[in-house]
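One chain, chain A, links the two complexes that follow: it is found with chain B in the first and with chain C in the second.
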Partner chain A sequence: MTTDAMDTFRAEADALVESLEAALLKLKDAPDDRDLIDAVFRDLHTLKGSGAMFGRQDIASFIHSFETAFEDVRAGHVAVDDVLVNISLAARDHVAALLADPSAGEGRAILADLSEHLSRALVGAAPDWRLQFYLPSDTLALGGRPEIVLDELRALGAWEVTAHLDRLPPLAAMDPTQFYLGWSARLPGDTPEDAIRDVFLFHDTGLDLTLARSDEGEAFVAPALPGVDAVSEADKPAAAPSSLMRVPSERLDDLMDRVGELVIAESRLVELAARIGDPGLVSVAEDIQRLATAMRDTTMSVRMTPIGAISGRFRRLVHDLSDTLGKPIDFVTEGEETELDKTVVDRLTEPLLHIIRNAADHGLEPAETRLAAGKSPAGTVRLAASYSGAEVLIVIEDDGRGLDGPAIRARAVERGLLSEGADLTDDEVFALIFEPGFSTASEVTELSGRGVGMDVVRRTIEDLRGVIEVSSEPGHGTRVTLRLPLTLAIIDGLLVEVANERFVIPLAAVDEIVELPAEHATDESGNAFLDIRDTLVPFLRLRRLLSSTGEPDPHQKVIVVTSGDGRIGLVVDRIIGTNQTVIKQLSPLHAGLKTFSGATILGDGAVALILDVPQLVSKGQSVTEQGRHAA
Partner chain B sequence: MTATVLVVDDSPSVRQLVSNTLEASGYATFTASDGQEALDLSEGRRPDAVITDQNMPRLDGLGFCEAFRARPGNQGVPIIFLSTDDADTLKARARAAGAIGWMIKPFDQQKLLAVMGKVLPI
Partner chain C sequence: MNAISPTLSPPATGDVVTFALSGEVLAVPAACLREVIEPVAVTRVPGASAFVPGIINVRGSVVPLADLRIPLRATDAARTEGGKFLVLELTLGGQDTIVGVIADAVHEVTRIEAGDLETIPPVGTRWPAQYVASVGRWSGKFVTLPNLTAIFADYLAGHLGHGTPHATHTDAPHDAETR
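What follows is the complex of A and B.
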């Protein structure tokens, strides 16, 4: 067995174990969802198969026993409940352990638990129902709705629902007002017969119905037209993702690096072609420019990963926390399909785990307290992701007790982070929880650690060029908002010139560009406001910010940029144009810089710094605040 | 569009009970006190379903059912009988006249809603 294939197996198995976990956790909330049960089965089956093929007989035989035990669940003999989900999760963990370390044991205890639970649940279980029916031919004319019949059967837990077209007459003989279809299905054995017959309440006249226990002989004719069966998902061969490929992420990183270099080389080529002025060369350069742009877009889309890829871990975390803390917790996710660069998604996992853990541990009150406060006993933690311009917004919200402002303030003073009586807004007080070494939990729990954390969270988010904010309403909950750039690698930039130096502003942040009015041109009083269509926008002079000397351009421009709710103008000398900006991280030595988020190499080989818009906006906003205080 | 049910019964109390129950669950209703009135009303406003009594003055349920079905555009509108009668011959005649179902009075509200759900989900 080659190492390559082995790696692929490992990657596949890890993905399956993860998907298994996700399905099990969802099953907990929707125990009757056949698709989920089928999904669990499919994952087990694939794992078993590939495990055996790669010489992991231990995994295969463990899963085989697990699968066998689960067979009754799939057949509808055993209902899914919390106990079953927990045992199954333990089994899933064991498989994960076996994958990591073949000596993890046979997991007999887990299998014993499982079969014991199932045998208890199985007592008295009746064999399945087999049902076959053809609705009366006047069904439609009388206003009957066959789809409602099927919906009701599904609600009863029907599976193997198969359409029968054998009574369809030849097209020429078909009367469009008549109904010719029939179905067969299986139903859980514990469904009362009356409930099944009730489904056909309005179709009893002229109904052709056969209902029998599955062990009561063969009362059924095979459907006449094979190949039209509405087969349930699990009966299909395990989804053959011929159109999907698993690729190690390093290769994508390599690809992205090379595309980055290509974009840089391309801009040099374009510049060179423009200088030489040969029409043939210019046209080739334009072609290459177009191709490079397309290639950049494709490469970036390949790197985009949905947030849903990591939300399974959060679901598990909340499930475990709910158990450990003895608090019922609902975990709600929205916008799981929102995509971010893979690097961002990967690096987000830890911070999000931490925030969610905090929400569940500190944010949500125990059930009794919640009841006393008139809330539902189960707390809710919500994770919502959405697009907002060139940023992705991730909100983690709980409906717990909210942050305790005075306690945070007191703790901050005690820790020397704040002077007594400092004048802070609520949000500024809340933001103190991101300061290093801060923790207000009156009892430090095993789960939420010891006050290292939120500062690390903030640092990680800022490393990703993101912004983290917290807001809270006492008694109603806390909301942490993350704003992250869509991608880390290449952006569309606006190239500007300040005092003969070139800088890049991310184009997505640019709102509009206006000329600096003459009355502000030589205003040396520092920062001021600009009246843009009756809105006052504070502006920063980049010349001043960068301590540039020399005469400013006579026609300075103001670039209005936004970040979050903030909006400021940046005064530059000249606008050069847009360019594709391959972001190069600054060295650790410069990581502390607040004004720049990175650097890029221009077509002529020169380096341009990329302005950090969120930082500049918050700087501009604080200028506004000072202005207000002074006024 | 709210699903609209025409309730036909010569007893004002039954009419009121049925329409209140349906309206509380989100259906819209309009009522008629006999088959003839129901026919006249349904000319101007096509219901999505009909619940009708059998024994009524002027025009009974069966008569209404036949006349209603005979009109163009009324195919496929489910008609349910709500009656104290339980004779199989009557049920068969109702079916032949174009009714999809037969419910026995007295009924409870849950049952009525369950029955409506089978022909006209909200």
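What follows is the complex of A and C.
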């Protein structure tokens, strides 16, 4: 077995295990949902099949029992309940463990739980199967061997195996390469339907197969088993995933790097064409420019991953936390279809786990406390994602007790993170929970409260060039908002000049551009606000921020940028134009500089720094605060 | 004799690249040299320490440019026009990083035999002792092997230069190097 094939198996199995978990958790809330039951069954079945194919008999035989259990569920013999879901989740964990480490054991305890549960839940034995099939006419031409099919059926316990010769043409018309035979047989009722269908795995196309219970038309035709056709409908999605393709993410990274280089080469070409002025060259350069832009957009869209890809993990986490903590918790997700660059989504998992764990563990009160406070006994944790300009907002909200501002403040002072009597707004106080070494839990629980975690959250979000905001209302809950850039790869940029140096401002953050009024032209005016259509907008002189030298341009421009609720004007000398900006991360030697989110290479080969708009806006807000204090 | 900085683990042969900086001869292990390039336009990074004042474009990558005169406390007086940039591959904080280093001139790749290397004499040198791995002889001159690992580790820890790398930038005028 090649490593490549094993990798593919692992990747596929991991995805199946994850999808299985998601379906099980949903099934808990909707135990009668046939689609979900089918989905669980399909995942189990595929997992078993590919496990066996890749020599993982341990996985295949372990799953086999579960598949059988869900076969009963599917047939309506067993009802889904919490116990079954929990056992199944444990089984799913065991499969995940087996995938990671083949020596993880046989999981006998889980199987014992299962058979005990089933023996109680089983409402009756299934009637026998009646099977009739004609293999595809090209079976022999394709190297198929009907005798193997029959052997396999016999291994499943088939009896009354009868050949059907009714489709055999007269001798003269018979094509010896064609296959005309059919068979019928009976099979034990406890054989999983998919085990039977599996026998025909390699004869799928052109197969004429009828499979029904021997008492079809009586006991459970409807609604439990709405006929063979409906069942095979449910099987189809698993059989036809051909429109999707699984690609290692490194290849996407490579692709993105190439596109980045293409975009840089393209801007060199465009600049060169403009300089030479040859109409033919200019037109080719424009074509290349258009293609490069389309290429960039396509590549980026390939890399975009919905948040929903990771929210299944959180659903499971909340389910487990609810069990461990003995608190009923509803987990609500919104905007799961919101897409972010794959890198961002992958790196978000850990911080979100921390935040959700904290919300469930510390945020939500025990049911009795909630009832006493006049709330519903079950707490709610909400995970919502939405677009906001060039950013994605991710909100994690609970309806628990809220953050205790004075306690946080006291703790921060005790930990030396804050001087006593420091003047902070509520939100600033709440933000202290993300400081390294800070923890509000008076008791250290198994789950969280060790004071590690939240600083990891902040570090990861900052690495992703995101911003964290916390708000909280005592008794009503806490809301953590993560504001993240859509992508870390290529953006549309506005190229500006300050003191003959060029900088890039992400175009999506730009609101408008105005001329700097003459009265603000010099630094001496002191007033750091601009009146734009009766709104006061604070502004920063990039010249000063960037400690530039030389005289300012007589016609300075103000670029008004927004991030979240904040707006700020950035004063520059000159606007050069827009360009496609391939974001290059700054090295660790410059990573500490908050003013810049990265650098890019311009058409002439020079490097330009990219201004970090959220950072500048928050700087502007502190300027506003100071202005208010001064007033 | 602890001749060669163990942290940079140069090959046993002791192949080094010698280059001139502020009238001195310095050397770095040839193993970490990626290439030597002609000086290209340097983009100033406002707010950065004078040790890594700018960034450059090296074949499509954005690379920080370091000035060893700062940690080695060399004077700026001998700065020559022209010169070269050494492009080095270093491991900074556990991360492989490409770093450009300013040189007045690059001499050659040469072998400094272990016998020619001495640990830094306690007196009579203007280099800060912790930044020098060893001193050797080349063409009748003294060659200093800077301890790049120590220099960059100190910088990343905020012990080097007037601006710590993690200092937040403020509106207040500061002493960042300007072109």
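Convention: the second predicted complex is superposed on the first by the 512 of 631 C-alpha atoms of A that agree within 3 Å, B and C clash if a C-alpha of one lies under 4 Å from a C-alpha of the other, contacts with A are read in each partner's own complex, and residues count from 1 in each chain.
Everything that follows uses one rule, which is that contacts are C-beta pairs under 8 Å (C-beta built on N, C-alpha and C of every residue); 3 or more make two chains touch, one makes a residue touch a chain.
The structure displayed is predicted, hence computed values, not measured ones.
In the superposed model, A:L140 lies in contact with chain B only, and not with chain C. Legend: residue contacts after superposition of the two complexes on their common chain; A:T205 is shown touching chain B, with no touch to chain C.
Residue contacts after overlaying the shared chain place A:E152 against chain B, while chain C stays out of touching range. When both complexes are overlaid on chain A, the residue A:L593 reaches chain C alone and has no touch with chain B.
When the two complexes are overlaid on their common chain A, residue A:P406 makes contact with neither chain B nor chain C.
Taking chain A as the reference chain, the count of touched residues is higher for C when chain B and chain C are set side by side. When the two complexes are overlaid on their common chain A, residue A:T177 makes contact with chain B while staying clear of chain C.
Taken in their complex, chain A has these residues touching chain B: 140-145, 148, 152, 177, 201-202, 205.
Residues of chain B touching chain A in their complex: 49, 75-80, 91-92, 95, 98-101, 115, 117-119, 121.
Chain C meets chain A in the complex at residues 40-41, 43-48, 52, 55-57, 60-64, 66, 92-93, 95, 97-99, 152, 155-156, 164-169, 171, 173-174, 176, 178-179.
Those residues of chain A whose C-beta lies close enough to touch chain C in the complex are 261, 264, 501, 540, 544-549, 584, 586-596, 599-601, 605-609, 619.
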